[in-house]
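In the two assemblies presented below, chain A is common to both, partnered first by chain B and then by chain C.
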Partner chain A sequence: MKSAPFTYVRPASVEEALHVLDEQAGAARILAGGQSLVPMLQMRLMQLDALVDINRLPGLDEVRAAGAETIFGPLVRYATIERLPLVAERLPLLQCVMRFVGDPQIRNRGTIGGSLAQADPTGEVPLSCLALDATIVAASVSGTREILIDDFLVSSYTTALEPGEMITEIRFPLAPHHFAFLERNRKHNDFAVVNVAVVGRRGSDGGWSDLRIALGGVSDRVVLAVESAALLEGTTLEEDAIAQAAQLALDVIDPPTDVRGTAEYRRHLVPVYVRRALSKLRDDHEPFDA
Partner chain B sequence: MPERVEVTISVNGRKHRRQVEPRMHLADFLRHELGLTGTHIGCEQGVCGNCTVLVDGQAVKSCLMFAAQADGQRVTTVESLAEEELHPLQQAFKDAHALQCGYCTPGFLMAAAAIAAEGRRPSREELREELSGVICRCTGYENILIAVERYLEDRGEVEAVGG
Partner chain C sequence: MAEVVQTTRTSLREGRIGSSVSRKEDDRLLRGEGRFTDDVEPGHCLHMAVGRCPFPHARILSIDVSQAVALEGVEDVLVGSDVVSRSDPISVLRPVADAPDLGFYAMATDVAVFEGHPVVSVVAVSRHVAEDAIGLIDVDYEPLPHVFDVESAMDPRSPVLHPRVLKSNLLVKRLTGAGDPEARLAEADVVVEERFSINRVSPLPMETRAIVAEWQAGARELTVRHSTQVPHLVRKQLAESLRLEDGAVRVIATDVGGGFGLKLGIYPEDVLACLHAMRARRPVKWVEDRIEFFRASTHGRESVHSVRVGARSDGQITGMFDAYAVDSGGYNSPMGSPQLTSHMFTGPYRVNDAGTEHSVILTNKAPVGAYRGYGQPESCFVRELLIDRLACRLGRDRVELRAQNMLHSQDMPWQSTSGATYDSGDYEACLRMAAQAIGYEEHVKRGRGPGTDGRYTGVGLASFVERTGYASSKFLARRGSRFGAHESVTLRANRSGGVDVYNGVSTFGVGTETSFAQIVADVIGIDFDSVRVHLGDTGASPLNTGGFASRTLIASAGALRQAAEELRAKILRIGAFMLDSDPEDAVISRGVVCLRDDPNACLPLAEVYDRAIINQGMPPGEEPGLESGAQFEPEAAAYGYGTAAARVSVDPETGDFDVERFVMVHDCGTPVNPVLIDGQVLGGLAQGYGQAVMEELRYDEETGQLINGTMMDYFMPTAADLPEIELQHTFVKSPVTPFGVRGVGEVGTVPGCATIASAICDALADFGVEINRLPLSPESVWRALNQAKASREVRS
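== the complex of A and B ==
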């Protein structure tokens, strides 16, 4: 199980990295944490002419607050996200899901940018970035552009990134304080059969707003249950409303049958997990959002 | 002739300079270039954790990192533990019957060494999670947890692991 030969490039700047990507015209990939890319290379699911190792580039592994926004460099590792007080305070959902990503060794290496570029349809990082309405900043030799997460995630392991582009930032808007996350696995640390992330804002009157419900493992990418969330806007998340919203989530899924479960099983799980996640959100004892 | 890159990697406190193919992963570098066969390879796809080593003090799976990436970094392998006698961590494994075939043991030892080096004392449940990146097919894990717990408790003045 060895990778096919490739050229190893360790650029001195983002600009240099972008030039290599441009010259290689699709035959090169960025090497960040490598925890998905390296196994894919070694299993020969992918062959590349060049790997562009960005691990030494300064400044790409920082998380900073910019007003209401929280901005991540692409190289921020899962272990950092797990432990950083700034993330716990501003994006508690993102911090919570890290425990479900790989295992401690994987989390010491894997990065937020790498996970987004990988776009695993069961991935906890894409799932929570979708729930939290992140924006991806992508750079190429011809400039930078911002891509909404919902446009960024195209299909299984496929993103809107062009071959010459790399992720330079992940930006999160102010997140609602309340969240819930649930995941069904066959075994500890395995890829999810189904996972659900919900966020929302609870007003002082107990009414909920800004709800977002993201579902993983149920389609060729992680998806938002937009209609389900709309149905619950302004409610107090009473049981009947939750049950109805949970049922409605079936409209946005197109689950696969694979080694981890059948489509039928996933269809069964989705309303159950959406209902449980919303109940958990409601019964959370955090104070209301300002 | 395939393309090669020069790397200088400090392993267990000793610097090694080699010309390697970019596709050579760190586990193969340790085993084939340096003859340090204590680092075991189970799955070569980042699942079994048997190849766990420390890179700049952090536990990583050495099959998921190319040797070229470790250029200039400090790598600590299982060979750093025992000198004339078993390291107390290894002795704890022996005493608790925390190994049977022993194939996964280097991975567990290094995952545990990382926890010890950080000075942490996780609870049983936390430890279970901390060690979840290494797979053992013999012991059922209980004795491994007991061994690591005992070592972390008894460590006292024992020097922390690290190259």
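== the complex of A and C ==
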């Protein structure tokens, strides 16, 4: 379990990193936290010509508020997200899910940009970025572009990033006030069998708006239950409506069978977990309670 | 910068038998300064990589190594034909009686019989280059139909794995038992009968296997650093396979990162590393990676059982029978498949008519070897679940039915139908304590629920008896074992005033350095910290058997006591002589020899030792030196016992369950170190819990390949997954062992599966859920619920 030979590059700037990516034409990968990439290299599941280490590039590990938006550099570690008051205040869902990612060692290394580039269909980071409607900023030698998270996540471990592109920012719009997150694992903080993240805004009349329901582990990427959310728009999340929305979530999933569970079981769990997550959203009075 | 390390303690700890003195091993291990095989890297060392068959069963048509040989940095390549001409098959240390030897060579020659079977090996200047070279080797395979499980293996149309030795895939079938179980079952008022499946799991030590082999060409001597529980047995096996004299081989095991039965004896890679080292005349290192580990290190358990229990209407169990088939994988490994399932089948119950039919069947999977418990978790699982069902059928309370059938202390010694001689114990006391601790009666009164959260609550219980240590060398000889039941030790005083202990077991996490030092310190009367225990070097220790079968302390305690008594007597003779007195009037008290009646007449032990070692001014007739040795074989095995109990809650909508409490009541005999005992029992319980609810090595039926052979996909519990475990011990001395100790190394693994399954079945008893297959995942519980509901609908 030792990697095949590759060239290690430590660029001095983002421009240099992009230049290397361009030169290598798809045979290079960015090394951020390395929590997925390094094991894949070691197991020879992936062979590269070059590894571009961006860990020492300045400015990529910052989180800042820009008006209603919250902007993350790609190198922001999970541990930072877990602890930063700014995140707790503005994006409590994102902060909450960090406790479900790996273990403290992994959270000290793993990064938000790395997790999005990895695009694990069970990943808590892609899941919450989808629920929070993030935008990914990608740069290449020919410039930068913005990609909506829903367009960014293509399928299992596949994103819309071109070979010469790297993530330079992750931008979050103002998030709805309330959220709920539920996850089922085979073991503590393992890849999810099923996970559900919901966010929404409760009006002064008790009616709900801006609901987004994201599901992980049940398709080739994390998915949004758009119709389910639409059905609940304006309601008070009464039991019947929740049950109906939960059932409707089955339309957006295509669950896999793997060592963590069969497709049949995941199909059974999805309405149960959507229902429970929505009930939790409704019943948790503390706006930022996990 | 290296810090200055304090090597001597300012105050020495006394650490007598029964004290929970902290482990000698802890200091270096907690500092990250242990010395494992991978920490050793001799100059000019080469690294080995092994090419393995990717198919479960395949003919090797050709191997082209030319590109690998040409790669810069590659020093040697071995293929099957080299290996067969230069080495002999790996010997079986503990054969299943009457099983033929399959001739397990270190490399497949014409046919590979499991995924991971070595087919080629390379040594190179680094492991990276060696793996690059493996990638350049072109092996032409013809995949053959494979055998997936014990049922298909016995299908006459199935391919036979070892046609040169066997006509079918049945390695051996054995009947054991006593009385007439068939007659008792036929006349029983009630018979419960079930089929159970036990999962294949991994013993999973934190440190994988590892070897560093150095060949001194001039001396024709091989020195092997090896991660093993049995250095002397490894030396014997390596000498045999490599066609060397035993004297030419030295095996050194320093720190070993866990064994669990997986590191008993040699594996193919050990022979390959030595062959490379001998041919290349350079040291060769191989450290197994986790991907190899899951495919080529022995697995544990996997069996299918058809079990029957018969009873009278008053609850008295009259007959029991278990016909079971063990899936042994592609070969019989040095310790073979588990052999105590039959031995412990009847557990703590008084049954005079019981038996087993034990079949060992070969399949195209990795070989099964010893794993902590060695067949006892299996018998506990099938027996205890069936007794729950018997209670249900008879309308009896589960605790009372067990108590009614349990042996009592006045019945012992008692010989079970399998020939096990239970030495002593109060089985019912453990059962009652466990029931009390888990709140069994309150649960029965309160009922199963559902609670306000919709969850159902259940309580499970499992009682067991466990063999610890070996009955005797005679017992082992009848079974063809190639090791003895004794242990041996050398004690040697040194001129600093300390005592060195030499023994051939290794330090693999069980606290042997600590418990040995406690016994020596206690018997001689010296400080625990003045005893230094040197383990695992065949060049320094007397010949012995090794650390397994919960036997290390049982057998070694006798040898340690005998040798320590001898040393003590000599210290007193010399000390008394130096104090102008008689040995009867002298005492050893920690660091000094004193006269009983004159505390001022005192000599530091260092002075006494020094005089003996240089033989100056010794009592007349006294031999020079201060050294003793002893060999000891216990008169019989000690049988541990206990009852575990668990409380679970189950979500009937998803099958999700939570083990809210887990209680273990266990007799540990005379405790040498209570904290070490707790550590052993907890560690075993963690593995039992893993087998119960998480772990399973799954092969794809179609491709025959391992589906989950990584730490990512094999669900081993971590501390975060385990329930809080409440331990209680009883302390009934065993009459057959030194100091009355019982082994504790394996006991934790025994009741976990049965207890948790029993609790889940209890929680869902209102639905009629019965669980017969391990492991229990939320999905499997959900399926069992669906099945139970469906069959009720059919009936109603």
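Convention: the second predicted complex is superposed on the first by the 286 of 290 C-alpha atoms of A that agree within 3 Å, B and C clash if a C-alpha of one lies under 4 Å from a C-alpha of the other, contacts with A are read in each partner's own complex, and residues count from 1 in each chain.
Simple rule for what comes next: a residue touches a chain if its C-beta (ideal position, glycine included) is under 8 Å from a C-beta of that chain, and two chains touch if they have at least 3 such contacts.
None of these values were measured; they are calculated from a predicted model.
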item	value
First (chain B), second (chain C), both or neither touched by A:S279	neither
Which superposed partner A:N189 touches (first chain B, second chain C, both, neither)	both
Chain B versus chain C as contact partner of A:Q244, first or second or both or neither	neither
Partner chain(s) touched by A:D53 [first = chain B, second = chain C, both, neither]	first
First, second, both or neither for A:F6, with chain B first and chain C second	first
First (chain B), second (chain C), both or neither touched by A:N108	first
Partner chain in contact with A:S219 - chain B first, chain C second, else both or neither	neither
More chain A residues in contact [chain B versus chain C]	B
Which of chain B and chain C A:V259 touches, first, second, both or neither	second
Which superposed partner A:T235 touches (first chain B, second chain C, both, neither)	neither
Footprint overlap on chain A, comparing chain B with chain C	1-5, 43, 188-189
Touching residues (chain side chain A, partner chain C) in the complex	1-5, 43-44, 184, 186-191, 259, 261-262, 265, 268-269, 272
Interfacial residue positions of chain B with respect to chain A in the complex	2-3, 5, 21-23, 25, 28, 44-46, 49, 52, 58-61, 63-66, 68-69, 111, 114, 129-130, 132-133
Touching residues (chain side chain C, partner chain A) in the complex	126-128, 131-132, 135, 289-292, 653-654, 656, 694, 698, 707-708, 712-713, 715-718, 720-721, 777-779, 782
Of chain A, residues touching chain B in the complex	1-8, 10, 31, 34-35, 38-39, 41-43, 51, 53, 55, 79, 99, 102-106, 108-109, 188-189
